[in-house]
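Two complexes follow with chain A in common, the first pairing it with chain B and the second with chain C.
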Partner chain A sequence: MNEALLEQVINGLMMGSIYVLVALGMVLIYGVMHVVNFAHGVLFTMGGYLGHFFYHRLVDSYVLAILLSMLTLGLIGVLLERGVFRPLAGNLRNQVIASLGLILFLENGVVALWGPNALQWKVATTERFVEIGELRFSQHHLGIILITLVLVAALGLYLKYTRFGTAIRATSQSQEAAIVVGIPVRRVQWTTFAIGAMLAGIGGALVGPLFLVFPQMGDVPLIKGLAGILLGGMGSVPGAVIGGLLLGVTESVSTLYLPTDYRDSIAFMVMVLILLVRPQGLFGQRMRGED
Partner chain B sequence: MAVRRFLGWLLALSVTAALLSAPVWAAEHPYVLHMMVLICIYAIPAVGLNLMLGYSGLVSLGHMGFAGLGAYTAAVLMVDARWSFWSALAAGTVSAGLAGVLIGLICFRFRGHFFMIVTLAFGLLLHAIMNNWDAVTRGAAGFAGIPRPKPIAWGDTVIAFGQLPNFYYLALALTALVFALQYLVVRSNLGRILGAIRQDERLARSRGVNVLMYKTVVFSLGTALAGLGGVLHVSFLRVAAPASFTMLESINTVLIVIIGGAGFLVGPVLGAVVFVALPEGLRLANEWRLVIFGALLVLITLFAPSGLAGLLGRLWARLGAGSKEPGP
Partner chain C sequence: MTHFWKSRLLALAAALLPLAASAQAPAGKVQLGVVTALTGPLAAPGVFQMNGFKLAVEEINANGGITVAGRKYQVELKVYDTRANPSEGASAMQRLATVDKVPVVLGELSSGVAAAIAPIAQDYTMPLILTVPTGPNLTEQGNPYLFRVNANNLQLNQALAEFLSKQGWSPISFVAWNNDAGRGGVIGIKELMPAATKDGYVGYFNVGEVDFASHISNIRNSKSQAVMLFMDEEPGSLAIKQIRDAGLKVQMVGTLAMGSDRFLKRLDAQRLDGMVQYNAFPPNADVPRIKNFSQRYKAKYGEEAHGFAAQSYDGVMVAVAAMQAAGTVSNGKAIRDALAKVDHQGVIGRIKFDAKGQASPAVYVTQWCANGSRSILYPENLKAGCGAG
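And then the complex of A and B:
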């Protein structure tokens, strides 16, 4: 029994790590631009497809493919910020509608280019295993958790101790005040968008070899990422990390007691419950001006 | 001015005549009629969303979840409980409207982003139920064997809805009814109050408007229309599938409203026409269809936020304006 539990906890941490990578990007972008990027899930999908493309067509190294995919997504992020989200700044409705347009454009663009079927992506780390007690996990599972932890730590240090990281935090707190003290808010915004897109990209490239690469692969991480953000508290970076991990583990452990069909519905329940009972989330201090 | 009014009537009359005579002029091309039924099926939920998104500023990202709720309610009643199409149509519409009241009351605790996220979550939840509750909804494989309405006998004439032209008239009549309802709502006091809420919710509240009540009313009206469209949809296809009521379908409905022109009476209908007919007109491969619509949606929000109806309206205003107005 305990082993089954441990297994589900580790599986949950792995899934949670994926949610964290998506949630972190969305929280950072929400902080500096006050927009929920509903197209973040398709950026995740792009990460998977680009990683697959680079791995099979360009370089023969998984690590290099991931890095290239991240870089490309960073560029895409800058383009989206400059071309779509900045011109619509201040108009929440149109920003959200434009992000819906991006979902249609990118998700179906992937179908048009690569076809509707899932692509296989064979990587050595999914075939090698690590034994913990009686349990066996693929290196890939543990690698995802580890890489996410490293990224989260690096991002935390970056936000806390570098000049630009401080500028990002300042812009999230108050855009007007940031402009007044001379922070280049526009540069902060496109950089943050690029960082967010890169995090989604690495998420997609990490998951691809485990669960195949397919056009809708970003839908679930988008929803779970949103749920993780709401759980942790909108706009709180540590909240997004803890919320995402908590959601992953809860879902995974629940499969021991509930039929697996309902695993995905847990996120929706959590979202609605949290919003009803504690709208600021577990760690959020306040709701941002939402009018 | 008089010219414009005359032209307006002429246009309305000729459109009506063309729509009513469609089974005659399209007799050789049943596919045209098929597409026109699809336009109606997309336009009805879109009118509902236009009332919410266009006239009241409520962006719901789970609209087609409610269409599915209505459709499956009607499907279960028709197939398992042997209800007639008409009572199932009413039941499907009402149940989607009631769900709109309940879910709306939860969603209206939030504004802005949070409202959209919660509507998205409910849309997904409804879809998950259709997909997973095998005992009632038959699960992911779909709910087959949904009947068309029974033939109506009127003296000697019998109207059978298995025939495409008759189903087309049914869809057209329902769309006309829904369109008239939209007109009545928008031109009534309710419409003005909704406009006030959209423009400044706090101001409306400070003037004594019961904002929550009016939002709930329009939300449930919108979801009821979604349900109506859903019932028509599954009766036309004779099968209900969860795939017809996904998040992407909800996004498509937003797309139809925005491309047509949110907050214009003809917006959702124009949008549905473009959504169904444009890919056929351009002979697009299916996989490029939504790619182009996605790009179009982004471009419209950037450059023409009032959509097709706004563009046409501006053209219309220019027409005949030169003769009457003395100029600046």
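And then the complex of A and C:
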């Protein structure tokens, strides 16, 4: 029993890490632009496809392919912010509709470029294993958890200790005040969008070799990432991290006690229960004027 | 031109039309309708089905075509792509009946599309011969115009259960599609297993799910000796890879999607080694009809023959045999009656339809060997070592 539990906790941390990567990007973008980017799942998918493309066509090094995929996604993020979200600034409804439209546009773009069938992506790290007692995990599996931890730590330090990180936090707190003290809010916005897109990109490029690269691969991470954000508290960066990991572990462990096909509903039931007790989420702050 | 003459001329033209049609007939061509998935999610298995149809037609025509009621005909295929979509299939079927007016339709891969097109076959008295779909319900609808050459899930499960009960693997776990076929399959095979076989874990997964980790932990937890994977190629390859990578030592039991060279290419011999699966056609078996077909297939397509191709090849042969027996290339009802009586020695074995239109071809169980070849474990009389499956 303990072995299965350990196995599912590690599996849950791995899936949770993926949710965290998606959730973090969305939370940052939400902070500085006050828009939920529903197209974030498709950016995740594009990360998988671009990584696959770079690995097989260009560089033959997994690390380089991930980096290139991240960079390209960062660029795409900037273009989306400039081309789609900024022109619609001030109109939340249109921004949300635009991000939903982007899902159709980008997902079909991926299908048009790479076809509807799933792609296999074989890299060396999925073929090397670490044994823990009777259990066995691929290095890739554990690598995803490790890389996410490093990225989360790096992002935390960046936000806390650099000038630009402070500017991002300031813009999240109050855009008007940020403008007043001379923070280049526009630059903050497109940079944040680029960082968010890069996090989604690395998520896709990390998951691709473990499973498959296919047009809908970003759907589940998007929904779970969003749930992670709500669980942790809308707008809270540590909340997104804890929320994502908690969701991953909860749904994984639940399958040991309840039928596996209830996995998704269990995760959301836990979310609803926590929000009933703490409507602002685990780390969210109650704003004045909110019920 | 007055109205009178106009109508006279039209009547004359109408009277001459059948003559014109029969004047064309000496060219002697008969078109067989085909509905299959050339694109979409089932495009890959669709290739095997088309290869079988094409090989049959090519061989028939190379031998001078077919003789029906004393006249020689060359055989042609009129192919429509259903994209594995029931409504596309239905409109293709309508077209074959009303525009192309073919005597017989062959095809389909998905049971969903087959269920949508079968009633149309009955409406237009145009026999439909299925060569791949395995949904057991298809032949339970009392549709006299539906025939199925290949074994259905019930027949496949029966063979597998008979094989499994002799192995004594217990407990047995199941991981299956979360749909009719998956859930029905698990219930069906459990009923056929001996009482001594204990239940392990039963888990269902949804289309698009790629992470089998939860299932694997549960299988480990249940101390199962074997796990049956009720799924097709793509999830199958993911599940097997993840089971092996997690270091879970369990006997894997698969479906016919997992016993071909094509499947081997998705994975590797090391991960497949020892796995057993039911199979409708062992392309390397030392049986003259199978060997012969496999050689011809390989010569034409440069790859290992596939069960879907063999079944589809036999489908064309059965259709042609029925037209010859009925002495017509246009009367659907007469061809249907002939199909009901057909007794054909095909590549996959003897094809004779029961009252519901279902044939009972042989079902095999093959096992993967360490070198990437397959052996035959079942039926007993065809048991053969690595390289035979």
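Everything that follows uses one rule, which is that the second predicted complex is superposed on the first by the 276 of 291 C-alpha atoms of A that agree within 3 Å, B and C clash if a C-alpha of one lies under 4 Å from a C-alpha of the other, contacts with A are read in each partner's own complex, and residues count from 1 in each chain.
To be clear about the criterion, a contact is a pair of C-beta atoms (placed from the backbone, for glycine too) under 8 Å apart; a residue touches a chain by one contact, two chains touch by 3 or more.
Bear in mind that the values here come from a model prediction, so they are computed numbers and not experimental data.
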{"item": "Touched partner set for A:279, first chain B, second chain C, both or neither", "value": "first"}
{"item": "First (chain B), second (chain C), both or neither touched by A:116", "value": "both"}
{"item": "Which superposed partner A:212 touches (first chain B, second chain C, both, neither)", "value": "second"}
{"item": "Which of chain B and chain C A:15 touches, first, second, both or neither", "value": "second"}
{"item": "Chain B or chain C, by number of chain A residues touched", "value": "B"}
{"item": "First (chain B), second (chain C), both or neither touched by A:101", "value": "first"}
{"item": "Which of chain B and chain C A:134 touches, first, second, both or neither", "value": "second"}
{"item": "Partner chain(s) touched by A:4 [first = chain B, second = chain C, both, neither]", "value": "second"}
{"item": "Partner chain in contact with A:261 - chain B first, chain C second, else both or neither", "value": "both"}
{"item": "On chain A, the residue positions that both chain B and chain C contact, one per complex", "value": "116, 219, 261"}
{"item": "Of chain B, residues touching chain A in the complex", "value": "53, 57, 59, 61, 106, 109-114, 116-118, 120-122, 124-125, 128, 132, 201-202, 247-248, 251-252, 254-255, 258, 285, 287-291, 293-298, 301-302, 305"}
{"item": "Touching residues (chain side chain A, partner chain B) in the complex", "value": "30, 35-36, 38, 84, 87-88, 92-98, 100-109, 111-112, 116, 219, 223, 226-227, 230, 234, 261-262, 264-265, 267-269, 271-272, 275-276, 279, 290-291"}
{"item": "Complex contact set, residues of chain C against chain A", "value": "40-41, 43-44, 178, 203-206, 208, 210-211, 213-218, 220-221, 234, 238, 245-247, 266"}
{"item": "Chain C-facing residues of chain A, complex", "value": "1, 3-4, 7-8, 11, 15, 116-118, 120, 126, 129, 131, 134-138, 211-212, 214, 216-217, 219, 252, 255-256, 259-261, 263"}
